[in-house]
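Just below sit the structures, each encoded as C-alpha cells.
Next come two complexes built around chain A: one with chain B, the other with chain C.
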Partner chain A sequence: MTTNTTLPATPTRRALWRRVRLGAVAKYAWVTWAYLFLLAPMAVVLGSSLDGTTAYSGVVFPPQELTLKWYRQIPASHYEALGLSLALGLSVALGACLLGIPAALGVVRGRLPGKSLFLAFFRAPMQIPAVVSGVAFLQLYYVFGDATGLFLNATFVGLYLGHLFVATPYVIGTVVSVLQRFNLRLEEAALSMGASRWSTFRRVTLPTIMPGVHAGALYAFMVSFSDVPIAMFLTAPGFLTYPVELFFGIETDFNPSVLASASLVILFSLGLLLLVQRVIGLDAVVHSRG
Partner chain B sequence: MNTRWDYLLIPSFVISFLLLAASQITFLQGSLYTDLGLGRLATSASAANYATLLNDEFYVNALLLTIRVSAIATACTLLMGFPVAYVIARMRSRWAMLMLAGVVVSSFVTIVIKVYGIIVIFSADGGLNKLMMALGLLDRPYTIIGNQTGVVIGLMQFTMGFGVLLLYSVVRTIPVSLEEAATVHGASRIRVFWRVILPLSLPGVIVGALMIFNMCMGAFTSAALLGGGRVFTLPVLIQRAVIIETKYGMGAALAAVLLVSVILINLISVFLLKRLRAARLVIA
Partner chain C sequence: MSNVWKMCGAPVLAAAATIAVTFWSGQAHAQAKPFDGVTLRVGTFGGPWRDDLVKFVQPKMEALGMKVEFVIGSPQDNLAKIIAARGREVPFDVVEILDAQVDQMADAGLLVPVEYNAIPNASQLDAWQRGANAVGNWTTQEVICYDKGKFAELGIPVPTTYKDLANDKLTGRVMYADITGGGGLANFAGIVYASGGDTNNVKPGLDTLKTFKGVKFWKAGGDVVAGFKAGDIYVAVAHTGWCLRAAKFAGANVATAHPKINATKTGVLKVGWLGAVKGTKNAAAAMAFMNAYLDEEFQVAFAKNSGVWPVNKKAMQRMRTEDPVFSAMNMLDPADVDRMLRVDYKGVNVNNWYDQWNRAVSR
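For the complex of A and B:
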C-alpha cells in the first residue's frame, strides 16, 4: 500500500453526521424488519390462541375477545405426542452426549492419522438431507424386520436411532470446538501435582468441556424435538411426535386448540431459554457452535 | 498417556459407522427394485427406477425446482441475516443478549408452528391482506399460500434463526480493530464493508451458506404445507411416494437422486472455494 502524504479530505461535520445517521437508520430499519419476520409467526400463534371469536373457518388476529377456552380444549393426542417428543428429545440428547463426548476426545486428543477424515465422517449425517435419512432408516427397518422378524418402524427404538444419527454430530461439533481451545498445560499441571488420570479427567478436563457438552446436548434435544422429515417416516398413527401431529393437524382439522398447544410449546421454549441463560449462559451456547 | 484417547473413539465410531452404512446401503439397494404396487417390490434388481426418473420431465423439473427454491431461500436468509448477525456481534450493551435470545427462540421452535403463524398472517382473509386492503395498497387479496414465494418464505423461517447464529459466530472472529484501522485511514463504511468485513467473513459465510442450503434441500414441511399441493419439490415427492403411494423403490430412487445432487453441489462449492483461495480473492 502506498503511503498517503495528504490525508483524505475531511467532510464537513454536518455532511458526516447526515451520512452516519442515514446509514444507521437504514441498518436498524433492516434489523427491525428481520426481527419482525423472525418473530411475527410465533407472536401471531400466541395471540390468536387467546382469541374468543376464533371460528373454525378462519383465525383472527389481533384477538378480539380474550379467552383461555382453547387451552381447555387441547386434545389428549397432543399431550401424548408432546410427552413422546419430550421423552425422545431428552434421551436423544443423553445418547448423543454418550456417543459424542468420547468421539470428540478421541479425535482431538488421539494420535490417529487422518483426523480431519474422522471429523468429516462424524459430520456426514449433517450433510445428508433430512428427508433422505428418514427414507433410509425406514428402508433399513423393513430389511432388518424381514430378516429377523423384529420391525423397528413406529417403535421408540427405531425413532430413537434415527434421531441419534442426526443429533450426535452436534455434540461432537461443539465439544471439538471447545477442546481445540483447551489449554493442555492445565492437565499437565494436575498430573504433575499428583492427581490420578481419572481424577484429572473428572476435575479438570470434564469441567472445561462442559460448556460444549451443554450446548451440544441442547442442540441435540432441539433437533429431535422439532424434527419433521425423519419422524414423518418412522412414526405411525397413534405413535406420533408433536411436530408430526401438528403437521397432519394442518391438513385435516385446523382447530384453534392446535394454536393453544403450539403456544404452550413456544412458552416451553422460552422457559428453556431462560433456564439455559441462568444455568450455563446463552454465550456459552452460541460460542461453542461447532 | 496419549494412546488411550484413541480407544475412546472406537465405540462411537463403530455405532456411527453402523448407522450410516446400514441405512445408506439398504436404501440405495432398495432403489434398485421396481414397485409392483401395494408396497410389493420386484424380485430382481435393475436400474429401471432411475431410467423412469431421468426420462420423466416431471421429476427432472422437481429436482431443478428444489435446487432453485433452496438457493433463493439460502440467498435471502444470508441477505436478511447478515446485518442482524453483524449488529448483534458488534453490540456492547445488554440488548445484545436479548436480541440473541430472540434468534435462539426462533431456531428452537419447530417449523410447523411457524407455518401456522405464516398461514394466519398471509392467508387471503388474514391480517396482512386486511391491512393492505384497508390502506389501499391492494385491491384484492394476494396470498403466498400455494406458490413458490410461500415455500421460500417457509424455508427462510426454517433456516433464519440457525443462519443468524452461524453468521454471528463468523462476525465475532473478525477483530473490531481491523475495521477501526480502515476507518481511521479514511475508508467509508461501505468501503470497510467491501474491503474488510466481506473478504474476512466470506469463507465462513460460504460454509454457512452450504449448511443452510443442505437444510433447505432436506426439508419438506414448508413445501408440503405452504405449497398447497401445487409446489412439488423432491422432498415432497419422496414423502408422497413412500407414505401415500407406498412406492418404496421409487421413493428410495428419488432420495438417492436428492442425496447425489446435494453431495455434488457441496463438492463443487468446496472446489470453487479452494480456487478462490488460490486466486487470493478470499483471505483464509
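For the complex of A and C:
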C-alpha cells in the first residue's frame, strides 16, 4: 500500500504562499495609503510654506521656488499667541489630571449608587457643542461677577476654567478605562506588606495607571491647544490663543506666512511626539494598559 | 564771589530757564492730550485688518493719550458678547458691525447715538452713511469677477446678470459666496432680487443658484484667489477686493461686471459700520477713533491693503489715481453707486435664509 502525500501538497502550499504574499502586499498598500491620507495635508502645508512664487493669497504645491521668506514674515502676534496656547494647554493638562484622577478613582472604586450616571455626567462636557460652552461660560462669569464682584470674563483664569471644563473628561475617561482593568491584588499585596494607603497609591496605583494619565493629559492638551469656539468668547486683548489668532486672521485675508506659522507648529508637534517617545515611550501614551 | 557769580550765574540761569521751559512745555504737552488714561477697546476683525488698525490708527490714538486694545472676532461673535454683557461693563467700547446687523443692534438699544460734532471726517461721507447709531466706515462692491481670457477663448459673452453663469461652458468653473462667509448674505440677496424675489421670498434666488452646474462655494476670500490662480474657476461672485487680489497677486486676467439686479438697480453694495456700544464709559474716545478710521490717509492705505473701498470722498478720489486697477473694478460715479442694491435687513429673518439655503444648496 502506497500513499502519495507530496503531490497534492505542492500546489496548495504555493497557492497559500501566493495568498499570504497578496495579503501582505494589500496590507502594506492599505497602511501606505492611510499614512499618505494622514500626512498629505501636513506635507502640503509644509511644502507650500516654502514656495517663493506665491506673492500673496493661494497655496502652491509642490513649491516652484524654495524660499524661507514667509517664515521671516510670521507676525509677532502669532508667536505671542503660540506661547500663550502652549502655556494654557500645559496648565490645562496638569489641572485636568489633578481633577480627573481622583474623579476616576472615586467613580471606579467608590461605593456609589448609579456609577454609570456619574460617568455619563463626567462625559457631558464632551457632548455639549463647544460654542455653547463658550457662551455659557461667558454668561456664567457675568452672573458670578454680579454676585461676587469678581469678573472672570476676559481673563486668563476664565479661559483656563473653560478649557478645563472640556478637557477633564478626557483624563477621567482614560484613567477609568485603566482602573477598570486594574488588578486589585497588587494594592492588597502592598498593604499587607505594611505600606500606608498613600504610599500604596503613590508607589503602586499611580505608576500602574500612568499610561492612562499620560494619554488623558495628551488629549487634554490637544483639546485646549486646538480650541477655537470656547476661546473666541473668553479671550481678550493681550491674550489671544493661537488657533483664534489664525482663524480670524485667515477669515479676512490669506497670507502664506500663515502656512509658515502652521508649519512651525507641525514641526513642533512632531518634535514633541519624538520627545515623548524618547522619554516615556509612545506606546505608553497610546495604549492604556491596566 | 561776584566773579564766580559772573562766571557761573549766566549759564546756571540759562540752564534753569531751559529746564523750566522744558518742564512747562512738557506739562502743557501732557495737558494737551485729551484722552490720557483712557483705554479704548475696539471689537474688530483679525489678521491684516487688525494689523492695519494697529499700524495706522493706533499711533494717532496714542498721540491723543489713549491706549487702544483690539478684541478680534466676527461681528456675530461680538454681538453675542455684547448681549451677554448687557447691563454690565461692556466688552468693547466701539465695534465693527456688518450691514446685516446694524439695524438689529440699534433697535435692541445696544448702540449709543453717534456724535457727529466729534467726527469731522464724517463730512466726507454720503448722507446715508451717517447713521444715527453707527457710521459707515467701508464698503465693498459685490461683483461678478470673471477670467477675460477664458471667457474669450470659450466664446462666452461678458456676464451682465447672475443668470449668465448658468452657461454649460462654465460647468464646474463657477464659485459663489457661501451664505455663511464674508459677503454671503449680500450676494445671496443680490441673486434673490435679480431673480424676482425679495427678503421674504428667497426661493427664486435659490432656483437660479441651482442652475449653475457644479458650482463651488467660497467662505474665505482667499479661496477665490486660489481658484483663479490654479485655473479651477473662470468666474466668481465676490467683492472687487478679491478680484483685485486675483489680478495682482495670482496673475489672473480678470475683470469685474456689476450684475443687473432689476430695472433700477445694478450691482450690490455691502457696507461696514462702526458703532459705540451702549454702556461705554469712553464714548468721546470712541468718537475720536471713528474719526481716525474715516481719515483720508487711513482710508486710502486701508483700501490698498485690505481691498475694501473707502467711504471718505477725498480718499475715493485719490484711489482713482493711486490705484487705477482697483478703481477700474469699482463703480466710481456717485450716481452709479446710488443705483447699487443696498440690502435693507430690517425685519429680515436671516436664520430663515440660512435654513432655506442649507435645504436647497446642501442637497
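In this section, the second predicted complex is superposed on the first by the 240 of 290 C-alpha atoms of A that agree within 3 Å, B and C clash if a C-alpha of one lies under 4 Å from a C-alpha of the other, contacts with A are read in each partner's own complex, and residues count from 1 in each chain.
Note that in this section contacts are C-beta pairs under 8 Å (C-beta built on N, C-alpha and C of every residue); 3 or more make two chains touch, one makes a residue touch a chain.
On a predicted model such as this, the values are computed, not experimentally measured, just so you know.
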item	value
Room on chain A for both chain B and chain C (clash or fit)	clash
Partner chain(s) touched by A:F247 [first = chain B, second = chain C, both, neither]	both
Broader residue contact with chain A after superposition on the shared chain, chain B or chain C	B
Which of chain B and chain C A:S226 touches, first, second, both or neither	first
Touching partner for A:N255 - first (chain B), second (chain C), both, neither	second
First, second, both or neither for A:G145, with chain B first and chain C second	second
Which of chain B and chain C A:W198 touches, first, second, both or neither	neither
First, second, both or neither for A:P75, with chain B first and chain C second	second
Partner chain(s) touched by A:V135 [first = chain B, second = chain C, both, neither]	both
Steric overlap of chain C with chain B in the superposed model, located at which of 78-86, 204-212 or 330-338	78-86
Intersection of chain A interface sets (partners chain B, chain C)	58-59, 135, 138-139, 142, 232-233, 247, 250-251
In the complex with chain A, residue positions of chain C that touch it	41, 45-49, 51, 69-74, 77, 80-81, 84-85, 88-89, 91, 182, 220-222, 225-226, 229-230, 245, 248-250, 306
Footprint of chain B on chain A - complex, ascending	4, 7-8, 20, 23, 27-28, 30-31, 33-35, 37-45, 48, 58-59, 61-62, 99-100, 102-103, 105-107, 109-112, 118, 121-122, 124-133, 135-140, 142-143, 161, 164-165, 168, 191, 197, 222, 225-229, 232-233, 242-243, 246-247, 250-251, 258-259, 262, 265-266, 269-270, 272-273, 277, 282, 285-287, 289
For the chain A and chain C complex, residues of the former touching the latter	55-60, 75, 77, 135, 138-139, 142, 145-146, 151, 153-154, 232-233, 235-238, 240, 244-245, 247-255
Chain B residues touching chain A - in the complex, by the definition given at the top	1-3, 5-13, 15-17, 19-20, 22-24, 26-27, 29-30, 80-81, 83-84, 87, 97, 99-121, 123, 125-127, 156-157, 160-161, 164-166, 168-169, 172, 186, 189, 211, 214-215, 217-221, 224-225, 235, 238-239, 242-243, 248, 251-252, 255-256, 258-259, 262-263, 266
